[in-house]
Amino acid sequence: MKKPKVGFFEFTCCEGCQLTVLSLGDKLLDLFESVDIVNFREASSYKGQDYEIAFIEGSISTSKDIERIKEIRARAKICVALGACAHLGGVNAIRNFQRQSDVRWRTYGDKAWLFDSILAQPIDAVIKVDHVIPECPIDKKEFLRATASILLGKKPFIPDYPVCVDCKMKANVCLFHKPNPIACMGPVTRAGCGAVCPSVGNACEGCRGLIPDPNLSAWEEVLKEHGLSIEDILKFYHMYNGLMGVRR
Amino acid sequence: MSGKDIRVDVHHIARVEGHGNIVVDVKRGELKEVKLEIVESPRFFEAMLVGRRYPEAVHITSRICGICSVSHANASIKAIEDALGIKPTWQTEVLRKILMAAEIMDSHALHCFFLAAPDFVGAPSVIPLASTSPEVVKTAIRWKKLAHDICDTIVGRHTQPISMVVDGFTNRVTEDQMRELRSKIKEVLENDVPKTLEFFSKLKIPAFERKTDNVCLTQPGEYAFYDGAIKSSKTGEYKHRDYKLKIAEQVVSHSTAKQAFGPVKPYMVGALSRFNNNFDQLMPKAKEVAEKLGLEAPSHNPYQITNAQIVETVHCMEFMMKLFDELLSRGIKDEREERPPIAGWTTKLPPINKSWGVGVVEAPRGLLVHEYKFNNDGMIESANCIIPTAQNLANIEADMRKLVPGILDRPKEEITLLLEMLVRAYDPCISCSTHMLKVDFIE
Amino acid sequence: MTIYKPEIAKINRIEKLTKTESLLDIELLSGKSLGHQPGQFVEVSVFGVGEAPISISSAPSDLATFQLCVRAIGNVTSALCGKKPGDKIGIRGPFGKGFELKHFKGKDILFVAGGLGLAPLRSLIWSVLNSRKDYGKVYILYGAKIPQELLFKEELKNWKEREDVEYHVTVDVGDEKWQDNVGVITTLFPYIQFDPAKTQAVIVGPPIMYRFVIRELKNHGTPDKKIWVSLERKMKCGVGKCGHCQINDIYVCQDGPVFNYEKLKNLPEAI
Amino acid sequence: MKKMKNCVVTKRELLDLIDRKIGEGKEVIAPAKQENQANFKRIKSTREILWEGPQTVIPPKAFLFPQEEELMEYEVNDEIKVKVKVEGKPIILLGIHPCDMNGTTLLDKVFAENNLDEHYLKKREFVTIIGAECLVPCSTESFCYRKESVLPLEGFDLFLTDMGKNFFVEVGSKKGKSLISKIARKTTPSDAKKLRKIRRVRDNLFDKEQRKLKPKLEDLPKLLRENYDSPVWDEHGSRCFNCGSCNMVCPTCYCFDVRDYMELNLKRGNRTRFWDGCLLTDFTKVASGEIFREGRGARLRHRTNRKDWYLFEKWERSFCTGCGRCGKACLTKIVDPLDIENELYDRWKR
């Protein structure tokens, strides 16, 4: 069987998802054997343009990004959003909820006009995305399983149920029930991460996006009981799910 | 061959983290322009922090960069603790030091094996290397995995650490886990290091020297990563809160990364600076490795950064073993009940009104500074993050200005390669310095 | 052996019936006959992709081959439809309770099939037609969304031509060439005159069809216990463990998929 | 099961015995402290056991029916080779609460019904269950007394009751008997008397402290049948996250999902089952997108009905052991069966 040609591309992000791929351990060698990586700037100088599957990391945040991602879409048969930035806009979208002139000025001062920047967007705001591998950064196991699925022509399994399922499977004490409770976004966030954050005692911040039918009113009630104000709750959403909130 | 026009324009330099271009313009044999452009999209992290509660800063800023997210988290935590006036427990600080060492080890392994090594053997990437030199690639994978296992155990994962928070950790580690990690390090240190040295000692390091100012943290008693004073080889030492006396950021139009210029500009941060300034404090095996690689302190050849990283990697492994031993001899405690760590949306946040704090650490690529000011409500009022690559940009351009006239007689491909190798040697982490690489020849 | 281990089978033939449905001839490598009842189903494995419950579409026989009619709608079903003759798959089953012929012998039978519902029903239809003399009158009502979606077109022709079968077909939306009835399946009822007292009615189709057809049958005076349906639910095991196919207190995979309406009507979750 | 002779052991001797077993490499799993709650852990010493702690977050079902369990592996080449994984390893589950023993007994029944689930049964075969009687209620959420679950029905190898210096031991199996044969001593009439007294005190305490179940236990199926259309379902349901926590933590919830995973080479793969739950939106969702049990209220009703009507009627025993885990796990406090049933009862009476 001919090996499928694969490209990795990044837009605005920390490149943590590509690094996660490079950190696959022995499985990285399996990946090299199973696919022909023709474009992976972070790991290779070779830049092939004949890829079938494009893994795209990062969010769209300049007008040039829009042109570039459309080119990638035109070349690739399958586009996969890799990680929260590509999937949801990621932390990049926090600034969408601030005054843009302030944002630029605070970072670049009087030279702010020098830089091209638009509101941060998930890639599906610009192109059609075939599959999403969520999380910030992607989960190694899920990436391997999803990639095998895609090679097999099957839709990768990405749960639609909330993180509490994974959390309970890990036999964690719920963060809301600890002696020093921490508010958690698990009940409305898509699982699949194995509840990594609650499992080490920190809150789910919603990096995998909201589930398709989140019970937001019940969740907001729980948070209010926990002492959060509406403003706090909004900030909590905006960490990753600001744009999803807007769409809903 | 002199008197020709050369314009090097490398777009999107490969095998570096982030996007950057190299522009070199030579008219009639005379160097007109050398530029390292960063074309990465602007990130605006400093603005994103404004109005946020302080525990959130740790997780937001660790997203500045995937490879040094532990360093960002640590710098962020330290800045907040500085503002709160908190001194974390001994155990917390030791675990943080282990995390720093693991991150530096991971990042250096990635750079030396995956990004730089292909240059030395003339391969486009690590992918063909996997079949031509499988042992080397497998060693890299083992080292990286070790670093990841350490971080996964202590903070949940490496890229974007989860449980390291202000004043402690939200999880607990066990002595069994620490013993297991220690034995893994020991195995790698004993089995892999000799083979690796063989590979790297054969690599031809281009001859080039330029004396510069080496800047890094320094601390009595240990090779500083986590804490210490800022030391310049030319201008002396500075306290962390006085960092601005050494580093003032300046926005230049050709890059979205802010370039840093100190009063004595330019200067170098990172592995070679630390090696030059703090050589004496390296662990014994690391010193032996330096000798075997022919690296002496001080070295003024930036292409030697790769070797300095190998030395540091070995140091990190030894250093972590030492720290694990100390932890195990004192016994590991669950400190969360006595000193609840400050994480996420807890209801009880210690007040931080109207104060400010600075956190400085040695990220894999060098000095990293976070500074936050807090408003009346305890929210972040303003933030400043100074990233290592941003500090190195001016130094890289200075190196290129010295290097290019000396190699103008060589074929264009070679010039390009030497320039790319130079930039790559600095291991620039561009996604985080946007807050840069591509060489175009224009003829 | 465990209840979850599939037996390996080979695809002998694969025929595309419509844009989305294919008919697969399958043979167990063991050479054994499946030994099924009409209305039963098998769990079909495409290794690496998953498992899906599929009704057996061929009439019971002694042969080692049987047929499945599959609509490519998800992972497993699409993978099945993309297979080539000679490819291997896994089979578990047959499972569930099918149509027991003893309830139908000597009776008139009214078959009502909507869309893919013809696939399971075909097994019973051919069981009846293969020993035609054991049964009374046979009516077949069949509906699809559009003419292109009609399954088993050759067989439909045969039924239409047979003297001993009263066959009517309808589509929701016709085209220029379509000459038969247009309208939902209940619009076929005026064409037939069946005796509710003597007739066993068998309905298989999409969930919403049941409500309308049952109401129609009841309007004609058909008693509940003479109405038979086959239900579809999500299934993960096919053997009464995984809990997905539960309807109130019954399990579709164990107590069904074929049900008598007398029993179903007391299950609010059923239809 | 044939009734076996009960006996008495000194606590010290039994614990020493277990510690020796642990020393010999035996896997002993018992409730141990996890932050402010408890969890089953592989213990290194019997000193870690939390005899009277809060309920473990996850019930012991996890050791018989794991969260994620590979059912088979396969290799796909020209031929397909399937290797079924029916495996068990000898473990001792120690300090199991009576409600959980009953939970396990119920699972034993369903997994052995009609089609034997060998994956479960094999693990079960290898497990030794040593239960321990609860003499004080383990949490404010539990209501085991109301569900007649303060004592185990069967399904244990040994069942210990704390009598001060000694354990009174009910022997449930040969396995249990041989384990303690060397240290067991015959019961005397005064032991039996003491046990009766302990249980009387325990009954009184539980009756006083645990929340009351207003309807009669045996009337629950009827109550649920007659209140199928009660507004209570949607009232509670509207606050449900569909988070499935209540399913995951329940000792008698055993629904599962099955998924195939392939390695990158597309040659080797496995079929694995995972815990699933009827409160999850996708539980009944089919490929066409249809959800057969739509509505948060309907799903909540299904769970409750399953425990105290459908399976209750079928097996003549409530499938809720009153362990209280779901009530604790549910962040919006809507799922506790006792609360729901009392509320249905109150409104129904009116």
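Chains: A, B, C and D, in written order; residue numbering restarts at 1 for each.
As a working rule, contacts are C-beta pairs under 8 Å (C-beta built on N, C-alpha and C of every residue); 3 or more make two chains touch, one makes a residue touch a chain.
Keep in mind it's a predicted model, so treat the numbers as computed, not measured.
When chain centres are set by their Cα atoms, the one at the greatest distance from chain A is C.
The greatest number of inter-chain C-beta pairs in contact is found between A-B.
Taking the mean of the C-alpha atoms as each chain's centre, chain A and chain C sit 43 Å apart. Here the spacing of chain A and chain D, counted between their Cα centres, is 37 Å. Chain geometry summary: the mean Cα position of chain B and that of chain D are 50 Å apart.
Rounded to whole angstrom, the centroid-to-centroid distance between chain A and chain B, based on C-alpha atoms, equals 24 Å. Chain A has residues 148, 152, 179 in contact with two or more other chains. Shown for chain D are the residues in touch with two or more other chains, namely 259, 261-262, 266. Under the contact definition stated at the top, not a single residue of chain B touches 2 or more other chains. With chains as nodes and touching pairs as edges, the resulting graph is of another kind, matching none of line, ring, star or complete. Listing the residues of chain D that touch chain A in their complex gives 34-37, 39-40, 56-58, 62, 67-68, 238-245, 248-249, 259, 261-266, 274-275, 277, 280-282, 296, 328-329, 331-332.
Chain C contributes residues 1-6, 8, 45, 47-51, 73-74, 77, 88, 90, 207, 232-234, 236-237, 239-244, 246-249, 254, 268-269 to its touches with chain D in the complex.
Against chain A, the residues of chain C that register as touching in their complex are 48-50, 74-75, 78-79, 82. Residues 148, 152-155 of chain A are the ones touching chain C in the complex.
Note for the complex: chain A touches chain D at residues 27, 30-31, 33-35, 144-145, 147-149, 151-152, 157, 160-162, 164-165, 167-169, 171-174, 176-179, 186-188, 211-215, 218-219, 221-222.
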